[in-house]
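We call the chains A, B, C and D, going by the order they appear; numbering starts again at 1 in every chain.
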Amino acid sequence: MDYVNGPGRNHLFVPGPVNIPEQVLRAMNRNNEDYRSPAIPAMTKTLLEDVKKIFKTTSGTPFLIPTTGTGAWESALTNTLSPGDKIISFLIGQFSLLWIDQQKRLNFDVDVVESDWGQGANLEVLASKIAADKSHTIKAICIVHNETATGVTNNLATVRKILDHYQHPALFLVDGVSSICALDFRMDEWGVDVALTGSQKALSLPTGLGIVCASPKALEASKTAKSVRVFFDWSDYLKFYKLGTYWPYTPSIQLLYGLRAALDLLFEEGLENVIARHARLGKATRLAVEAWGLKNCTQKEEWFSDTVTAVVVPPYIDSTEIVKRAWKRYNLSLGLGLNKVAGKVFRIGHLGNLNELQLLGCLAGVEMVLKDIGYPVKFGSGVAAASAFLQNSTPLIPSRI
Amino acid sequence: MDYVNGPGRNHLFVPGPVNIPEQVLRAMNRNNEDYRSPAIPAMTKTLLEDVKKIFKTTSGTPFLIPTTGTGAWESALTNTLSPGDKIISFLIGQFSLLWIDQQKRLNFDVDVVESDWGQGANLEVLASKIAADKSHTIKAICIVHNETATGVTNNLATVRKILDHYQHPALFLVDGVSSICALDFRMDEWGVDVALTGSQKALSLPTGLGIVCASPKALEASKTAKSVRVFFDWSDYLKFYKLGTYWPYTPSIQLLYGLRAALDLLFEEGLENVIARHARLGKATRLAVEAWGLKNCTQKEEWFSDTVTAVVVPPYIDSTEIVKRAWKRYNLSLGLGLNKVAGKVFRIGHLGNLNELQLLGCLAGVEMVLKDIGYPVKFGSGVAAASAFLQNSTPLIPSRI
Amino acid sequence: MDYVNGPGRNHLFVPGPVNIPEQVLRAMNRNNEDYRSPAIPAMTKTLLEDVKKIFKTTSGTPFLIPTTGTGAWESALTNTLSPGDKIISFLIGQFSLLWIDQQKRLNFDVDVVESDWGQGANLEVLASKIAADKSHTIKAICIVHNETATGVTNNLATVRKILDHYQHPALFLVDGVSSICALDFRMDEWGVDVALTGSQKALSLPTGLGIVCASPKALEASKTAKSVRVFFDWSDYLKFYKLGTYWPYTPSIQLLYGLRAALDLLFEEGLENVIARHARLGKATRLAVEAWGLKNCTQKEEWFSDTVTAVVVPPYIDSTEIVKRAWKRYNLSLGLGLNKVAGKVFRIGHLGNLNELQLLGCLAGVEMVLKDIGYPVKFGSGVAAASAFLQNSTPLIPSRI
Amino acid sequence: MDYVNGPGRNHLFVPGPVNIPEQVLRAMNRNNEDYRSPAIPAMTKTLLEDVKKIFKTTSGTPFLIPTTGTGAWESALTNTLSPGDKIISFLIGQFSLLWIDQQKRLNFDVDVVESDWGQGANLEVLASKIAADKSHTIKAICIVHNETATGVTNNLATVRKILDHYQHPALFLVDGVSSICALDFRMDEWGVDVALTGSQKALSLPTGLGIVCASPKALEASKTAKSVRVFFDWSDYLKFYKLGTYWPYTPSIQLLYGLRAALDLLFEEGLENVIARHARLGKATRLAVEAWGLKNCTQKEEWFSDTVTAVVVPPYIDSTEIVKRAWKRYNLSLGLGLNKVAGKVFRIGHLGNLNELQLLGCLAGVEMVLKDIGYPVKFGSGVAAASAFLQNSTPLIPSRI
């Protein structure tokens, strides 16, 4: 029997891969094409131009790499750094941990600044390290904008301020996998040198595109960076950009058309409206968690994430059971707690092409699962808290006014 | 700008057309085929065999007519009756009204038994009329199993009992448009002579198939029925059934494959489980309505419909505004009040391939709309009532146990 | 095992249903929607406006009926005529035969003008009958524009000339099922009163829309026509047109979006270019048939059809075997010979969204099948004849110039 | 205007990406899913088991990497070799050239054995080098099974024989990008240590999966190989294989279901039948080329490729113009000549889910383009040569017997 068969729709609330809008599914429902015909370069050109908007950059150079977020990480690092380079990296959850693991395996000299899981990056430590680094031995700062494992959003503007304050030339590399297109991200304003995301996150596409954007400074660094790279090498892309054929190797035709559709939807809604929608859904989720009497894994409001909420369960409950039960009984897909917080938190992803009623259905489902699992939740409590907020703050759908 | 663009999914809770499962969309995503090749008759044969199961008949003969419910009505009537034939028909809402309108325009002598909208068919009147009709001038009883406009389910078993009690030979014609595949329907057991539904209802397909099933008695009647018919004539189908080519004219290839997928899903879940799911969702909806302090348009519990609930709004509210607002602000599609109950009720369709969390999302949305429109709803009240019931009654998903 | 599984694509060359372009499949790949929301009426309005262009009418009123060509026929007849009305109808092949059968069953007084299969409608007989009908007892002329069974295109302009010459008021009803959107059809110029087609023909959609267009005179006639009709009644549509909601019963959401996409493609290519393309493909096919030493079922050049070619096989060959073999060995779907020409002809449909190389693949396939079946075809002969013509006449693809 | 819009279908005859069957498009037409639910690991397990069949291995370990062929190359090299390792690599065309470029950039000591473009790998040179390498300094032999740029298939069995003859332990790494699933490939029998392909080639999927299979010896080598790798590191996959969750990072849900469907189609047709079909289509293409009086870029019959044919044009013709013209006028996508053979050859890809009539349509198209461009082709000549062969050799479609 097919696990996929409901009845009814799957309620997909893992923090990626996320729901794909029908418009994007339609755009991707197509045969392959010759990517060397005039059609694909013409479309690629518009994609590269438009994808810069989601990074809020005009000076950046984007790369649409047939890979995942992990590959995008590798692209960011190997194109800008050389083995042995000293970098500062913040460990605040499973995904920053994995990135740090990659950084070490790529032979960088990683100075790990660790925080408790649930806290943001310790930027005071960053400040002191930067202050102390008069000789500029630190080559890069690596930070996740939004730690998907704990629902923690770091303050990137502060990172820039610190670097600027000390006039430190370190590259500023940002994992925006679960933030870009959902949270406010300002590549140019914040002087980010490499930012990256994956197609299956807030862009609401299938997995398969690692979208990386490099500042002029990062591109300059790539000319001398000695890390070995071929598949992820920007220089191959740049060569084909110049030729106007754009692709050093075969792209996914379907994902290109899907990206076109996804961007069209984003711009039709308006990027600022999309970000506001995520803020609304994030807030609504947190209000529900509070109403349930549960704690947010994120320890301070300043770090609250508008794309994913990690909910701490009481010690007598195994959060893994919540996730299993949600899937088995209610066709609800929630995120597991990972590593240090395994069994202790479950996660509600609220990013991508999603609306209020989808979220409220999820919250109602979480209430039933909590009851199933023995937590004395009051039915409707979380939904009520979220609804009261949403009913007050949801705008009319722009296309229907 | 495209009205269709959300953000997020449309929450489709009109009582038809209903949500199409992805499995069915996939099955239909195909080019045309020659319907005279061996492939289509081979599939049609399995469809005709399997479609009998949704009518719970072994002796019936099904017809898959490229039409809508309105056409299916016409097929039922014109194949079994002659102009001038006396029939009894029950007027209890907009759809029974439209069927009666059709019956009159087809020149039958319609004896309309009217009830208040919100009440079921008056079967006492039927009993007296049948009792009085010693000479069997009444040729047929026409009744909607489920009146979609008011959310009223009629008791078909009683109709059969009355006919049997008086040994009356009238044909028993049933509109099962919003019941078959969702409510308990037993063609053979209840001695229904013609039953019909439309593909866009509980079967969860696009519009385009009128599915009609005729008892041996109905087939017999069709041999002498004098109503003029060509497109809807069963005899053309029967001729092609005998030839093994099945189609007197071109069917929709896509709908045939879609129907195959829809039936496969139904049987995988189990028809009785599907019916139980509708009962659960219907009950949950009614509990929510009660919790909101609103009234069900359906006046007695015996008539409560498990596929659609018509909710009566207070006199100071225009239900049309609720439907408009739901769509404009929350991407929620609710059913309008029709004709006599226009402005007075809005409808929640809860039929087809649907699950608990989808419904709870809808109910949460209705709460927000009610608040928007000035009704003093308590947020979470309906959701809580529905959740408490559903958490207690929802089985594990069969494919995931 | 699934008959559908190739390998490779099915080569669909029956004269309907025809190949659906990917753009249309994409447009149709969608969930149901509430057809009472503002979105569907807004789209319907554009469809009704644009569909008039394929009829070349500005004064006509189109109806998009959820039915097939057979239903569209019934709509044309029952809305304009009364039982007993005298009509002239031309029998020249299987589809005109079926329409005449319908006309008789609908109780019209049908004066059948028969021609040999392979000949066009005998318009000399028409002229004499019209001339003789001083009292205007003839209420309508019914004619297929293109007889799909024999590949015969009738001259509609001459029909109009005859009627005008004798100032005869008979309605002019045209089956354009295998002509409209492919052959030159001019509703207004030719004074056609009702014209109709089906979505699965030159429009290249799935089956499911009977598209009927009525002249003001036909609409006027519908006010007094006494044929019984409900599902097919134009007056119900007109009522909803006035209301701006457009649909008396549930349309197929998918077909509406598909029609939108199909019309967009048509207009992008240009209707005149589409017609020219059909002329090109028709001519190429006939050149191939000639090169094979086979005869066209169509007896005179003036009747040659640009949408379907019926090829006469030698007496020692059963054309049914050709069709079977084509499907079983080469994944090629050809049209059977029907009725009088069963076993004697096979048909190549060359209508809809089709291009030169698709046709040439088909012709190459026919050559192999002919050889398989024992006909001494010279390989490449038909393809060469067709190619020589096409290489000389095919324009650049407009979107790629 | 949209370049994609035909009319009619695009005839895709580049040697990748190739035509996707409808069955696969359908399977991929779906929303994202949580890849950590039980459903995806369960399916992944069957995929890993079944994908071994296309490599003809029982002892190999497959990896489904979200990347392209270029990434699959990198995976093969970096997991088995250390910087400075001496490898022998054959330069016979553009794709072997690119792989060699990668090998050099990954810091291997590449001994390039070059042949004229159009010739196969010089295995005599290999033999002498292997014979001379008593101390086993050569760590790997890298060879493309099928050079896509010139249509040359190398003899892998001979490579194995040479290694065995000299009992040389070098790893045997094979690029099977344009061969696996189309040409006879026997990983176990030939002692191949790493073989790889891309999803968009003979598997007939979209781009996005680099499918790599490692022998036990290759896996062993990966434990000590010092090339830096993270994204492409097999060890991460192996860790998750053991856990039964299978994915170190997010896979494309759609490609997994697509791969499932593609493998199902392959096995339904039968892998040997698929290979025979490619042999048939390859032979037919070569017969056509010969009939046109043109030369195959491949210089000897032993190297003829059954997946792609590079056709040499006369010096007075620019093959690039052929490709452009084919696309602009006939919606035919042919492969360009690359690098050394740019302007001199055009390529016909005949791999993947393709049948006889599709190929014949292409060949007819090539004839028209050749005429367009000034080459004195005889219309129908190539088609005739190919048809005569195909009519004699094509089996009935297995599902339709």
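Worth a mention:
The definition used in the following text is that a contact is a pair of C-beta atoms (placed from the backbone, for glycine too) under 8 Å apart; a residue touches a chain by one contact, two chains touch by 3 or more.
Per UniProt, the chains are A, B, C, D = alanine--glyoxylate transaminase.
Please read these numbers as outputs of a predicted model, since none were measured by experiment.
Interface comparison, A-C versus C-D: the higher number of contacting C-beta pairs is recorded for C-D.
Of all chains, the one whose mean C-alpha position sits at the greatest distance from that of subunit D is B.
Work out the mean CA point of subunit C and of subunit D, and you get 44 Å between them. Our note on geometry: subunit B versus subunit C, Cα centroid distance of 34 Å, whole angstroms. Separating the CA-averaged centres of subunit A and subunit C is a span of 53 Å.
Residue positions of subunit C with contacts to 2 or more other chains are 3-4, 19, 22, 25, 29-31, 38, 327, 400. Residue ranges on subunit A touching subunit B, taken from their complex, read 1-9, 11, 19, 21-23, 29, 265, 268-269, 274, 277, 327-332, 353-358, 360-365, 367-368, 371-372, 378-385, 387-388, 390-391, 394-401. Every residue of subunit D that touches subunit B in the complex is listed here, in rising order: 22, 25-27, 29-31, 38, 400. Only residues 3-4, 10, 12, 14, 16-20, 25, 28-39, 42, 66-71, 73-74, 83, 101-102, 105-107, 198, 200, 206-208, 227-233, 248-255, 327, 333, 335-336 of subunit C touch subunit B when the two sit together in their complex.
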